[in-house]
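In what follows, structures are represented as structure tokens.
Next come two complexes built around chain A: one with chain B, the other with chain C.
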Partner chain A sequence: MNAPRLTKNPFHVLGVPPSVDRMEAERAGQKLLALIDLGHASTAEHASPIGPRPLSGDDVRLALSALRDPTTRVMAEAAYLPPAPAPKAEPPIEWAAIAARLSRRRPFFP
Partner chain B sequence: MPLLREQVASRVRPPRAGSLDPMTAVAQGAALFAMTVGLQAQGEPAAPPTTGPRVWLQHPAVTADLAPFVVGRVLDPAGLVGVRVEREDKSWTTGTEALDKENTFAMPLALRPRTANDFRLFAVQSSGAEVPLSPPTFRIIHGLTIGDPPLARTVGVARADNSVMPFVERGVPLPMRRTFTLHTVAPVSPNAPGFALLVPIVQGEFLLAHLCRLVGTISLEAGALKGPLPAGSAVDITIELDRGGRLTARALIPALSQTFDHVAQLVVASLSLDALGTTLDELSARLRTAQGQAFRDGAHSTIAALGAAHERVADAATQLDVARGGDADAGEMARRVLIEVDAELAEFEAERGWPLAVDDAHRTLSWAASWMGRYGDEAERKLFATSFARAEQWIKAKKPLELAREVRVADRLGSACYFRDSHNCGWELEYAASRISEASDPVAAQAAINAGRTALAANDKSGFHAALHKVRDLLPPDVDDQRLGHDSGVR
Partner chain C sequence: MGSDRRPAVTEAAIFPVGFVGLLALYLLRGFYENHRQHTESGRPRGKGGSADTPTDGAVPLFAIVRLGLLMVALCIGAVDLRTTSAVATLGGLAALGAISAVALFPSWAMELLAVRRGRSQLAWIATRFLAPWWSRIDPEHWSGLQAARAALRQTSPSQRTRNYLGRGLGWKRPLRSATQLVGRGLAFAAVGKLAEARTVLGAATRLLPSPGRAGAIRLARGWLIADSGARGDWADVLRRCRDTAASPEDAAIGDIVAAELGIPHGGVSLEPDELLWRPSTWWLRHRAAAARAQQPTEPAPRPSQSGDPHLDALATHAWLITLPPHHRTQAAFSLHTGRWLAARATGGAAIGRRIATLGARTEPAAVFDAVEEGLILDLVELFDRDDDGAYPAGLGASAPAERARERVATERIEAYVAQCEALSGSGTKMSQLNAWLRWGEARTAWERVSRIASRHERTSALQETNGTVCSFAVDRCNEHEEFLLSWDVFRWLESVSVAHDITTDLALFRSNRQVTE
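And then the complex of A and B:
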């Protein structure tokens, strides 16, 4: 399996599970296309097994086209891997507290 | 005729409905299609005046989904907290959907099946009061979606350097909507009424704008602008094609939160007789131009073919008059003739432009080859050889779009080698310096040129290229290129 097939699986692109029916996939795709046309920030990336990947309108159209064809849909279902969980935000380093504990001067960087 | 049916069934693999009456099958198909496009015998009611806060809406025009989404961005969000949508028959409404931090909203709708659904849009103010948005209404038709028809020819935007940015390529399923961001090439002030920046929309398979046909223009009128627009401002251009060939183009200027619209008929999709009449006039004018060119070229076979086409268009005009008298069949016949003549003309125009496109490709390839020979490394030469061979194949196959893409690859490789020669770098900088009085910001242009000279003296290639790009962005396009590019005001 090559990398684009892994990362550009139609279900990942549309953000829907493989269990969705055709109409739900169409609805999700049309909504995504509309948001992309508006330049909404939430549509800049989509989840994939190897982390977030850039998303474009062409990706969505290709995904919709793939899911309309029963053969390519089966292939997409077979190739589906759950997307990687969103990375947890690292807690900010409390430099001030560390500096106070070490009794040193406050560092220049935050 | 059972034998005929059997033969059709054996040759046409898709399943057939044998129970249909052959005499009414076409009429049934037409009725189904009319239902999907919401064909109505009565005229559209006059649109109410639009005075409320403006909203940029995205929704399907026709859908088989009973719960499609409407997505929008409020362009004048001051004092607004949300949006509400109500169906025209008042039997269904959404709750108040709060605007997110980007002033957008997305709501599922409820359509009545197999009919046109009109919706009203209201903005909810912080006080709880509601005001109509602009546009105040929109329509979604619920109906069958018959297989997506492909686009016959590529549609794109002509740029000021006479290149074309393809938006919707030939063969893609319709309906299709694409948005790209381009930048203005000149400043526009609302205090200079009469001036306008043009965004020409062209149709054709060439990446040279003058070889493509102009099908519409969005005009960014200076007098209509809400504020001054400096050169280099971003313009989000959206081109939308419905399945019948109706083209809607919209330019959104994010800096001013202002939109400009244009609607054009690409072929003759509309069933309106007025639209057919307009298309017929345009087609006649194109035919006259084509005939003149064919006479100048001495192309006898083309002259004969265009003469026949001219007669058919004249017949179509007669049919159109009959259709205005109430004969719908005559209107359909006229429409079919216009579609066929449009296709013939497109073929003639493409044939005529092809030698020019090949000449341009050969010029670019030879230019790139000369610099590749001097400065290209082994990997670049291999890439260039591959690109050159492919270009030759596309020339033989008469594929203008594919040829232009390959030529662009060769051009980039050639440019990389061209700028390895320090004399060329200096020459490019001095050429830019000679045009500094034309720059939209001469002070910034002079500073960039000085920075470029310093970088060149220090052999700082990246610094030099950054400076050169900055100067180029500040300079207007070449006048000849802009004229060939249908006077485009964007790049």
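And then the complex of A and C:
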């Protein structure tokens, strides 16, 4: 049994809602594959209910395969939860760089 | 008038008779201890044979002699200081002061001049011959430990230092003391074998603390805490700092890290400001602050009910698997279970309609089973990743969280059983260091089991493996005279048997522990 995961739901991977028909899902997947082949920056991650997750061409192909089969599609629909809104981008704190400059290469005794 | 001024005489004005005598006594005492320990090294451990047991050296007497000689030296130096040059007088006094400081505080001088400057050989020699003067505990192996500490201070140990640590510290002798074990662990760390260092030092920290082992175990725990901080494994830092055997300094570091990460802590054991001046503490605080910036300190509020039980169940699942470990509670698991069971009970009709629309060849129950399997896989991944939060208990076999816990517990028990079989599989050919490494790995595997497995599961696993572990300890004791390792194994077997009410072989474990003690 190919269990639909909340973190890798085919609809999240393709970036489409469960209301799309098969042809729309197919078009979205092919477009995504083309963008991944081009190395487009927007295809590095996909949205999910627990935040952005890494995305690869294999994920897209698996998602397309799951949505072509009515049985696995209904399972994916049953496991679908709208993705969480993207978090606000905050400037990263350079603590790691500061610590690397001031600390030694190897841990030492407190 | 006038010509009776004495010429400036600085040479040989300070003849350190006392210091020469002092040095001779230091060396004599060092050679005496060396000779005494070598003559005892072939003796099986029994009463008085433990390297962790303080010896009955006349340290107070020698300390008085040392102080007396120093006073004599100071008197001779003061009387013989015949000079009219103020610069020479100040120089002589400064030299006298420096020598006096070294003579009065040899351990601090050795720490500053040898260990902190990364001089391994100097640290070994100084500790080997001078340690009997300030410590009665295992000076032979303490010297190896100090040499390894000095090597740790080097940014990149030279090949000469590596060879010295590898060959020159008597590594082929039986491991009989915690000091020896910690010295080898630190030597592993110094040459970059960090995985081995973690295992060996972890085994040392699990030894029962005693006055003879406290210093070495404190060093091992300090290294492990710093190492966990360097890897960003703050859960491990907190676990080690909150251990009942942790020193007040380690506990204070744990308080600092907990405060920086926003984790509730049971009270501050030391004023953190006392430790702020230390570079290592500064480094830990700022690494912890960086980790805090990456994770939310306040968990998301529990999802409210929207009227659709199915969506509510999925939203609760998403909320649960994103909770920080210290906010993962039994109440959260109960909510997750309750909402999922409600979704299963009420959502069949909607799923059935969708199946009919799509023309799928399945049943609503099979769809729910597939979704539930996905939830379980998410939770298994969560339990494997964040091992520091609570685990579900008493939710019933139908709860996805309980089934995920059972899967992870079964996997960990299988890993522990495999480690125990590896202990016996190598037989007598295993080197003593490999025996410690394997035993450390088995203990680590058991700790992972004990965090998640139920009492019944743990008892079954112990009943299956205790005999194998006992055979391993008997073999290491009888064939290799590794009494410290055997004692540690028997003590652990006895304690887990008592904790789980396993009476089989308990008397054997107890008597073997007493024999190897």
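Some notes on this structure:
The rule is simple: the second predicted complex is superposed on the first by the 84 of 110 C-alpha atoms of A that agree within 3 Å, B and C clash if a C-alpha of one lies under 4 Å from a C-alpha of the other, contacts with A are read in each partner's own complex, and residues count from 1 in each chain.
Just so we're on the same page, contacts are C-beta pairs under 8 Å (C-beta built on N, C-alpha and C of every residue); 3 or more make two chains touch, one makes a residue touch a chain.
This structure is a prediction, so every number in the text was calculated from the model and none was measured.
Looking at the superposed arrangement, the partner reaching more residues of chain A, out of chain B and chain C, is C. Of the two partner chains placed around the shared chain by superposition, chain C is the only one that A:7 touches, whereas chain B remains out of contact.
When the shared chain is aligned, chain C comes close enough to touch A:78, but chain B does not.
Contacts of A:57 after superposition on the shared chain: chain B is touched, whereas chain C is not. Applying the stated contact rule after C-alpha superposition, one finds that A:70 touches chain C and leaves chain B untouched.
Once the two complexes are overlaid on the shared chain, A:49 sits against chain C while remaining clear of chain B. Comparing the two interfaces of chain A, the one with chain B and the one with chain C have no residue in common.
Interface of chain A with chain B (complex): residues 23, 26-27, 30-31, 33-41, 57, 61, 65.
For chain B in complex with chain A, the touching residues are 56, 58-60, 63-65, 67-73, 102, 104, 106, 108, 173, 176-179, 236, 238. The touching residues of chain A, counted against chain C in their complex, run 1-7, 49-51, 70-71, 73-75, 77-81, 84, 92-93, 95-96, 98-99, 102-110. Of all the residues in chain C, the ones that touch chain A in their complex are 149, 152-153, 155-156, 189, 219, 222-223, 225-227, 229-230, 249-250, 253, 275, 278-284, 286-287, 289-290, 293, 310-311, 314-315, 317-318, 321-322, 347, 351, 354-355, 358-362, 367-371, 373-378.
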